[in-house]
Structures are given as C-alpha cells and as structure tokens.
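So that we are looking at the same thing, I have put the structure below in structure tokens.
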Amino acid sequence: MLFAVNLQVLYAGVKKDSTSKTEAKKMRVVTSIVPLSFFVKQIGGEHVDVTVMVPPGANPHTYDPTPGQMTALGDAGMFVKAGSGIEFELDWMKKFTALNPHMVVCDASRDYRSRTMQGHGGDHVHEKIDPHFWLSPQNGILIANNIERCLATLDPQHKIEYAENRRMLEVKLGELSVEITQKLEGMKNRAFMVFHPAWGYFADEFNLKQIAAEKEGKELTPKTMQQVIGQAKKYDIKVVFVSPTFSSLQAETIAREIGGVIQPVDPLSGDYIDNLRQAAEAFVASMQ
Amino acid sequence: MNHEIVTLNDVSVSIGGTKILEKLSLKVFEKEFFGIVGPNGGGKTTLLRVILGLQKPTAGKVKVFGRDPAISRKRIGYVPQRLFFDRDFPITVSETVLMGRISSRGLFRGYGNEDKVMARHALETVGMAGLEKRQVGGLSGGELQRLLIARALVGQPELLLLDEPTASIDPEMKTSIYDLLDSLVKSMTIIMVTHDTGAISQHVSRVACLNCRLGMHEHGSITKEELSGMYHYPVDIVKHKGED
Amino acid sequence: MNHEIVTLNDVSVSIGGTKILEKLSLKVFEKEFFGIVGPNGGGKTTLLRVILGLQKPTAGKVKVFGRDPAISRKRIGYVPQRLFFDRDFPITVSETVLMGRISSRGLFRGYGNEDKVMARHALETVGMAGLEKRQVGGLSGGELQRLLIARALVGQPELLLLDEPTASIDPEMKTSIYDLLDSLVKSMTIIMVTHDTGAISQHVSRVACLNCRLGMHEHGSITKEELSGMYHYPVDIVKHKGED
Amino acid sequence: MIEIFRYEFMQNAVLAALLASLACGIIGSYVVVRKIGFISGGIAHAAFGGIGIGYYLGINPLLGLIPFSLFSALGIGLLSKKTKVAEDTAIGAFWAAGMAVGVLFIGLSPGYVPNLFSYLFGSILTVPRSDLLMIAGLDLFIVLVVFACYKEFLAISFDEEYAEASGVPTMLLYLLQLCLIALTVVVLVRVVGIVMVIALLTIPPAIARYFSRNLLVMMVLSSFFCAFFTLSGLWMSYIFDVASGAMIILTAAVTFMIVAAGKKLSGNN
Amino acid sequence: MIEIFRYEFMQNAVLAALLASLACGIIGSYVVVRKIGFISGGIAHAAFGGIGIGYYLGINPLLGLIPFSLFSALGIGLLSKKTKVAEDTAIGAFWAAGMAVGVLFIGLSPGYVPNLFSYLFGSILTVPRSDLLMIAGLDLFIVLVVFACYKEFLAISFDEEYAEASGVPTMLLYLLQLCLIALTVVVLVRVVGIVMVIALLTIPPAIARYFSRNLLVMMVLSSFFCAFFTLSGLWMSYIFDVASGAMIILTAAVTFMIVAAGKKLSGNN
C-alpha cells in the first residue's frame, strides 16, 4: 500500500478532452503514471492523445476509474507502462489488458539497467528491483527511445516526426544531465535522505548516496527508526525528503529527532525536466 | 381530593394506521387508586404511555398535573409491562433501582448516600434484599418484575403508573405489594393496569374498562355499578368500595 | 398412564457459582397435568430449561421420553416465560406461529399448506385470528403471550412445557386456555409453571413446589395433602384432584 | 449513451451490477436484520491476514482468500456464541487481528512486498468476464442454500433459543449463514471493492425494510434497489464522468436519506 | 532496551499509549456495551468525506476533520433514533456515503491531490509532542463529561424509554455520547491510525467485561488493559523488530482469545 500511495497525477490530464470525437484521427495512448505521459506528449506531439490512468492520490482503497477513463482505455491503441514493477501496474494491468486485448502494451523500461533497492543499509539479503527507473536523465533518454519505437511501429506514417521529436528531447535531457553534474561538482558530502527510496537511479547517475528511511515499503519498526536516526546523524543530515502529497508523519518524526526539516520532492511530476532540475537543486542545498 | 391529576380529553392514538385509542376522555383525581382493565390489545399500555408522554396522541389533549406530560414526568413513577433490554448489558440490580432516583438528581451529581439507602429500602420492600449485586440479565421473570416495582417506588413519585405489576410475581409477594399500594395511596395517586380481578375488587377505588367486549364482565368480578356517561364508548367506568 | 415421560435424577444446576437447583429428583408420567409452583427465583424456569436440554445440569441425570433431552426436543412444545427478541425484527405473527412446525419439517422443505392451516387454527384457538399479518414487535404483552402459546400448540407436541402461560392474559382468554389444556391433557403430557393458585387447584393433577419457603402455602390455595418422601428438601409434591 | 455499451467494460459492469445485486439483496437482508453491518468490513480485513500468511509461505495469496475468510467467519461465529461475546465485538477483534497478522507477515516476508491490500479492492468498471461467472456461481449457491434453509435461518435469527428447543441445529446453521456472508463479501470485494460492498449490504436492505416487513420481500426488494442504484449510479458516473463506485454509493445513500426522511415526515409517530 | 528511550519518538510513543488508553478504556466501554464496535470505522470514514470537501474548497483538510466527524456522529444518531434505523445500519450508510463524497470531491479537485487516506493511517511511533497535548486535552474532556453524566449515560444505554419517562433528555445525551465517541475516534485515528483504534475500542473492554460486570470498573480495567497492551506491544515490536501497531493489536487479540477460551473452559455453562 505504501508504494502505490505516492503515484500522483495531474488530474486535468485525465479530463474529457481525451475522449471527444473530434480528435478521432489522433492515436489514443494511455499511460499508467504521469511522467510517462510527458514523454509520449513530447515525442508523439500532435499525433497522439494521452490519458493517464492513475487518479490523483491513488490508493487501492479508493482507486476507481471513471467511465471516461475506461472509454479512453477501450479506444486506446497503445498503453505505455513503466514495466519496472510499480504497484499500480501489478494491481491493475491484468484487468486493463483483459478489457482491451487489442491494445499494444509498450514497456517504457525495456532494456534498462535495473538497480536493486537499497534499504537503509540494514542486513537484508533479499533485494528487489527498484521500480523508480524514470527518475534519472539517462533513463529518460531510454524511455524516449522505447516510446519512439512503439509509436513508430504503430503509426509508421509519422515515423520521421517521432524520431525528430525524440532527438530534440534527448538533447534536452543530455543538457540536464550535464547541468546537474556541474552543480554537484566538488561536493564532499554526497548523501541525502529520502523517506521513500525513489531516487536511487538519480543517485546512481550522479554518484550520490541515497539514504532511505523506509525499508521496502513496510511500516517502520522502532528499531528501523533507531537505525535511520543513527544514520542521519552519522551523515549529518538535516533534511528528509518526502513525496509532496504523501503522509509525512513518519518523516516528520525522523526530522524532529535529528533536529531537521522535511522537504517535498516529487517523483511523479508531469513537468519532467524542470522537476528533476528542482530536485537536484534541493538535494544540493541539503548537502551543503 | 378533588385535584385532577390526569386529564385526557378526546384522546385518539393510532399507530401505523390502526386505531388503538379513540376519543378517550378520562379524569383521575388526587390520591385515587384507579384501576384499568380490558382485554389483551385493548390499549391499556398505550394509555399509560400517553400519560407519560412516551406516545404522542394523534388527536386530543393530555394534561398531567395540569401540564404537558413531558414536563410532569419527573413526578411520575412507572412500572412498564415489559422491559426490552439487552441481557448482556452489565448492570446490577442496585444500579437499576438507583435509576429511579435519576429525576431527583441533576446532571453533575452522582447518586448520594441517601439515594442508596432508599434504593436498599425499596429492594427490601419487594423482597429483593440480598440480590443487589446480581446482574439484571440473569434475573428470573418474577425477580425482574419486583425490580421494576422497586425502581418505580424509590423515586417517591406523586403519581404511580403500574402496568400489570403483579404478573409473574408469586402469591406471597403479590399480597404484600397490594398491601403496600394500599398504604401508598394515602400519599400518592395510583393508576394500575391489571388482569387480576381479585385485586380490582379489593384494592381499587375506581375502574375504567378499555375496549371491553361484553364477554369480559361475565368472568371478572367487576360489578358494573355505575357507568359514567362522561366517557365515550370504549371506556366503562365502574366504581368500587363505595368511596367518593 | 405409567410411562415416565420426564425423569430427573439428583439434578443440580448452578450458574456462575450460585446454586439454583440442588439434587432434584422428579418423575412426570404420561398424560399427567403436572404443576410446578414456587417463589420467584425458585428455579422453575431453570427446571423447564433443563428438561428441554437448554440448560446443562451441573450434576445428575435427565431423561425425556427415556432419552437425552437434546434428542427428544422435537417432541416437546415450549411456552417460554419471556421472549428476548429484537422488536425491530421483521417477522409477522403467522410466521412466528409457523416456527412451531419447524420440527415437523426437514431442511429443504418450506412450510406446506397443512402447516398454514394448522397455524391459522392455533391462532384462532388463542383468539388471535385477524392479527396474522401483524408484526411481532408491535404486539401487546398479552397478544405476545397468546402467540407463544399458539406456537407451542401448533407443533402437536407429546409433551407441553408451559412457563406461566397465562401471565398478562385477560381473564376471558385465561379461562379458555385452561379449558383447552384440560382437553389436551387427554392426548399429551403437560408440565405447567404458574403462580395462578386458582388454576393449580382446579386443573392440575399433581404439583411440585420448588424451593418453597413456608409462607408460600398460607396464601396459596394449595392444600398440602401429601408430601412425597422421594423428593429432597426443596421440592414438595402435592397431589390434587384425587387422581392416581 | 447507447454508444457506451459498445465497450466490453461497460457490458461487464452492467452484468456485474445485476449479478451482484442478487447476492447483495439476499445476504444484505440477513446482515441488516441481524444488525451486523460491520461484518463485511470485518471479514474482508480478517481475510487480509490470510493473504499475508499466504504470501509469506510463498503460496498464491489469492488461494488463501476464500478459505481464510470462511475461517474468519467461523471464528467470529464460534467466538461470539461459545464465549458469549457480542457479535460486533467478535467481528472487531477479528478485523483488527487479521489486519495485524497481515501487516506482520508482510513485514516478515523478505524483500519488497506487493500491495496485498489491493487483493481486497476492485472496481466495477474493471470486472473481467471470468469474474462474472464467479458471481453467477455464487448467486446460484446462495439462492439454493437460502431456499433450502429459509425457515431455519428465519427461526435462528429471530428466536434462537426456541429454534434450539425445536431441535434445529442452530450452531451449524448460524455458521453456515456466516459462511454465506463471508463468501459474498470476498467475492464481491474482489469485484466491486470493499467500500461498495459495505454500502450495498447495508443501504438497499435498510430501504427495503421501510417498504416491507417480510424478510423474503425485503430480499427481493433490496435486490431490485441494489440493481437500480448500481445501474443508475453507473449511468450518472458516465454522464458526469466521475468515479463509478462513489457515484453508485452516493445514489444509494441519498435515496436512503430521502426515503428515511419521507417516511419520518409522512409516518404518524 | 533502555537506550531506545533516549529517542523522543519512543518517549512520545509511551506517553501516547498511556494517554490514549484512558480515552480508549472509557469510550470503548460504551462502544462495547452499546454493541456499536462498527462506529470507529464509520466515523473515521465518514469524516473522510469532510476531508475531501475541505480539500476541494481549499481549506486545510484537517480543519474539517473534527467538525465533520461530529457532524457524522450527529447524523448517525439522528438517523437511527428519528427514523428507527438500527445504529449499525446508520453507521454503515454514513461510512459508505462519507467515503463516496470524499472520493468524488477528490476527483473534482483540480491539480494534485494528496492521498487523503493517509489521514486515516497514523502510527504510534510518529506522535509529535503537540498531539500528546491534544490527547491529554481529550482525556480531560472525556473524564469530565463522563463524570458529569455517568448515571444518565448508564440509564440511556440500558433502558432509554425509562430514562425518557424520568425526564432525562435522552436524545441530547445520546448525541453527546456519540460526539464523545467521534472525538475520541478522530483524535486517536490521527495519532495511532484507524486499525489500532478499532482494536483498542473493542478488545480491552471486551476482556474487561469478563472480569467485571460493572461499567465503571470495566472502564478502569479496560484502560489498564489498553495501557498494558500498547506498552507490551511496543516493547515486543522493539525486541522482534516488527511493526508496532500490528504487534500491539496482536498482543491484545491473542490475550482476548486466551481469556475467552480460559473463561469458557473454567466457566460452568
């Protein structure tokens, strides 16, 4: 539950515009989470019409698609999934594909190099693949490639346009990567603490150390709490990053204990590039 | 002894479409021992509930102590015919009797020592001394009935409404309860619903018969001395004991 | 008439530490009209529940029709003293009476036409014809009691257990119920708990007094003709009507 | 409007609504007259413990769902009857204990654990064809059992002691009744989600009760109400493009309040 | 072991456990004897509707929490008394309707929406000092009101009609009682989470009932049991390194089952 909880979406993206008849010529694409829709929009441009499935504040307790979303799904030619094991997809993909068997499912994470989840450095032997692969510029390029390929296969007519769009996006992402690397240059303290370990790929790309409070998405035990606090003190951490709309009670408790503060960083923003830039700035500020 | 304690004026009650009481008028005076008889389903319990204000009449006026029943409630003691309660509810006999003192105490005030003495005394009166700590859910039928009587007495009401108080009470206790009522009526007004024809003839000063079909009188020991013209069809008033 | 229908042998019952019945022995024979009297809390209801197997005795043996009470249940009709039920429960009078036929029907079989005729007849017998469609929660005290009697009768039991069947029943119906019981006892065995001393002397063939304190006999009309030596202290058996 | 039925999901949703209504109407009537509205939540959350254990043991968690919910139903029944605890307390205890067991076993399971809660939540718009068959089967089973034991269920619900004294195997039938409830809850929870099950087992029978005081009629009426609410809720959720489940529940709740208020005002007591 | 108490979160957890136990013991006893174990879930989820509306209107959702839960309590009370619906049905209706309203308003709100459900999941390890003050205040308020109205609350819970006939303002007191329950539920849900509230309002009073059949003693005993379960659960969750809430509930549930079984075996009926 703790994981699916932080899949947030721009609700506006779901609204009616995606279902109205006049845009019938456009290809209907449904994505599971918001960041993926950013890529589809960028690459598909005017030829696609994107709908996001996950409603705001999605929680299986309340997740309940509207008929509008479902018709979008029914009309969709393509579904872009993260494919990295995010819970929402584990829970609902089967139902979605069962309801629209003709829909092409595009795996945005094809060929990516997965990393395993690092908890807070505890003694766990069993590790699981970290699903938050979209949160690094390099993986962003990979996603762009995957989506371009899917769109091109399904709609060869606009193939060239898609390739061009992808190339432009790639450039931007490359610039972003360089920009962030520069910002981080010369930093001695390279550890930041997040509550939910979503920023592992980001940390890997920029040679940072992500310390996660939450262990495998499970409720914190007193011992875990003790260890996390110990680690925060060891790395002299004063900021605990949280997803902006996630219950921050546990993070607040840790922050109180270390005399620090909590600060939101958004792993699911639709404004992909700016969001990564802002996150990087926030991490940098916290490590100074 | 001419104060009107209870005055009903053309009172009608219907529940869910069926008429239970129709245009009933009735006066009960101070320090009367007023009996109500009538066949099962005649509306006796309903009549008592009207006097208590628990049942709103569909038409007509009810005055108790010259005022609205809801206002006069604190001055009334009531023995219901049946208690609908949860057998598992954790409450003892003495706590239940103390409920009878609730109208004498305001909010913020627990029951005092005086209340407890009175409760013990009331329990003794109905022969329940020694059962104070028992759970109400475990009482026998007769024990529960005695408890209800004690609860009504302990509040020292000015008007006592009894709905078949001696049903399932053993003969010995029955006699002493009637003796008690005879002595109480010197200081309060009593209205009693009963099917106990013996008690009617021995203890009650006036009787109203609710919805009596003719057959009823043959068996009962009620002698129909006087049928008061002031009451409409379904109520017969029969006077007893030559009083008044 | 010498079949033992109910046999209790040194039966003791205690609930939550208090002894209710102690070493009670009792025999009731075929086609007897057996009365049980005794003060409130004497254990009469408990005794009936023991015979029905609803209350397990702490010690001693119980046989009904020569077998375990739980097995013989289907042959017994029972009028409980009180019904603990939910007033809001949606059930009508006729549905409740039909419950009395449940032991005659197996699973997978609804009530038949025959059952319905018998139910209507039983309701007529207790003067409840016309109230078939009424909700049980809305019945008056006496109407409910009549319903319980009808429910016990409709199953045509071989043994009828009545726990104060005439409490809160009006005098007219009371008489006709006793008349009915008098005719029924020709074909079945009846055990009746009652505080109605008049009924004891007129209708019952043998009486057991449970936990009687001495005072009891003075008021009641029971003449203590014979005290059977075979019963231990708390039970007195008094014979009536010169039968047997 | 008609166009929407081109979509399989909508056809399935309508069929699911109709099939679920039958089970909800029948079982909901028992739930309401027994005053155990709590039980749907209780059984669903108690079953969560089974899912957690199943996951920990490496069994398909869904396999544990039905047996564990039946086990919870039996546990609730035995706890409340054998040790004289009120049903609602027994349900609350199982509710909490089931959740706790689930959370603990998830904690003990190595690695990142999927959201087991999601096994308990569904949406009427995503019901696959196979699930329709499952509800149809459940409907059939419920109708058969209730048909066979109608008079016994009525007797034990109203006056258990008399039923016992008449030789009816009350304990057995009571447990059977709880198991029927449990089955309905798990199956419908999978299909339409826990919130809708709580609502559909409570509101339609409560409304039906205003119109009939006969249990059988209540069952029929509340099945109809249930179907009406789900269908009109679906329709409105299409019109306003809002979440279907929420709209269905809201339709039911608003109707309930209106009927209750209307009966209160028109009634003469 | 002692070292863990250096941490403020553990000190707060222990204090929260002790303070919550008082409220849970007193209010839980009423909940259990009235057989409305359902109500904690009902009010919490009904209040969720308030959060949704608050969010939609741009008010701090938490501000809507207490008024909306009080409003739900009053609604449940009025619905059940005025229109003669069983309490559990009224609770179920509000439960579902509240959730539905919440979901709908979240859907209507433009832009990002926080996961409002997280308001229902607190953890005893995350209680800030300020919340301790809030529970202490609640405790004080509850103790005062219950002290003032103890005999009235007893009377209306046991025999409402007689209380009415004695001139006690039963409706008012009943609503007051529901409001106390609602306050307890919202405050404790914030602090320890919905699942623990369901458990703590049900299990300790149910155990206490085995030992005393006096409501006041039940309240005292269940406060003690509650404190014992929370503290020993906390301790065990530290020792075994498992989730605290789940461990507390499990301690309580297991104790309950043992006591129930023990009473059953030793009891003579």
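Some observations on this one:
Should a chain be cited, it is by its letter among A, B, C, D and E, assigned in written order, with residues numbered from 1 in that chain.
Note that in this section contacts are C-beta pairs under 8 Å (C-beta built on N, C-alpha and C of every residue); 3 or more make two chains touch, one makes a residue touch a chain.
What you see is a predicted model; the values in this text were computed from it and never measured.
Fewest steps needed to get from chain B to chain E, stepping only to touching chains, is 1.
More C-beta pairs touch across the D-E interface than across any other pair of chains. When each chain is reduced to the average of its Cα atoms, B sits farthest from chain D. Averaged Cα coordinates give chain A a centre that lies 36 Å from the centre of chain D. One simple way to say how far apart two chains are is to compare their mean CA positions; for chain A and chain C this gives 75 Å. One finds 46 Å separating the Cα centroids of chain C and chain E. If each chain is reduced to the centroid of its CA atoms, chain D and chain E end up 24 Å from each other.
Counting partner chains per residue, chain E shows two or more touched chains at residues 35, 86, 99, 103, 107, 242-243, 245-246. Residue numbers of chain C whose C-beta contacts span two or more other chains: 15-16, 84, 88.
Of all residues in chain A, those touching 2 or more other chains are 55, 61-62, 64, 66, 218-219, 221, listed in ascending order. Against chain E, the residues of chain D that register as touching in their complex are 32, 35-38, 41, 79, 82-83, 85-89, 91-93, 95-97, 99-101, 103-104, 107-108, 195-196, 198-199, 201-203, 206, 242-243, 245-247, 249-250, 252-254, 256-257, 260-261, 263-264.
Taken together, the chain A residues at the contact with chain D in this complex read 1-4, 15-16, 55, 60-68, 70-71, 73-74, 87, 90-92, 95-96, 98-100, 117, 124-129, 216-219, 221.
Interface residues of chain C, counted against chain B in their complex, comprise 15-16, 38-42, 45, 81-82, 84, 87, 127, 131, 138-143, 145-146, 163-164, 167-175, 195, 197, 215-216, 218-220.
Residues 33, 35, 147-152, 154-155, 157-159, 161-168, 209, 212-215, 218 of chain D are the ones that touch chain C when the two sit in their complex. Contacts from chain C toward chain D in the complex involve residues 52-54, 70, 73-74, 76, 78, 80, 83-86, 88-92, 95-96, 98-100, 102-103, 105, 107-108, 110-111, 135-136, 151, 155.
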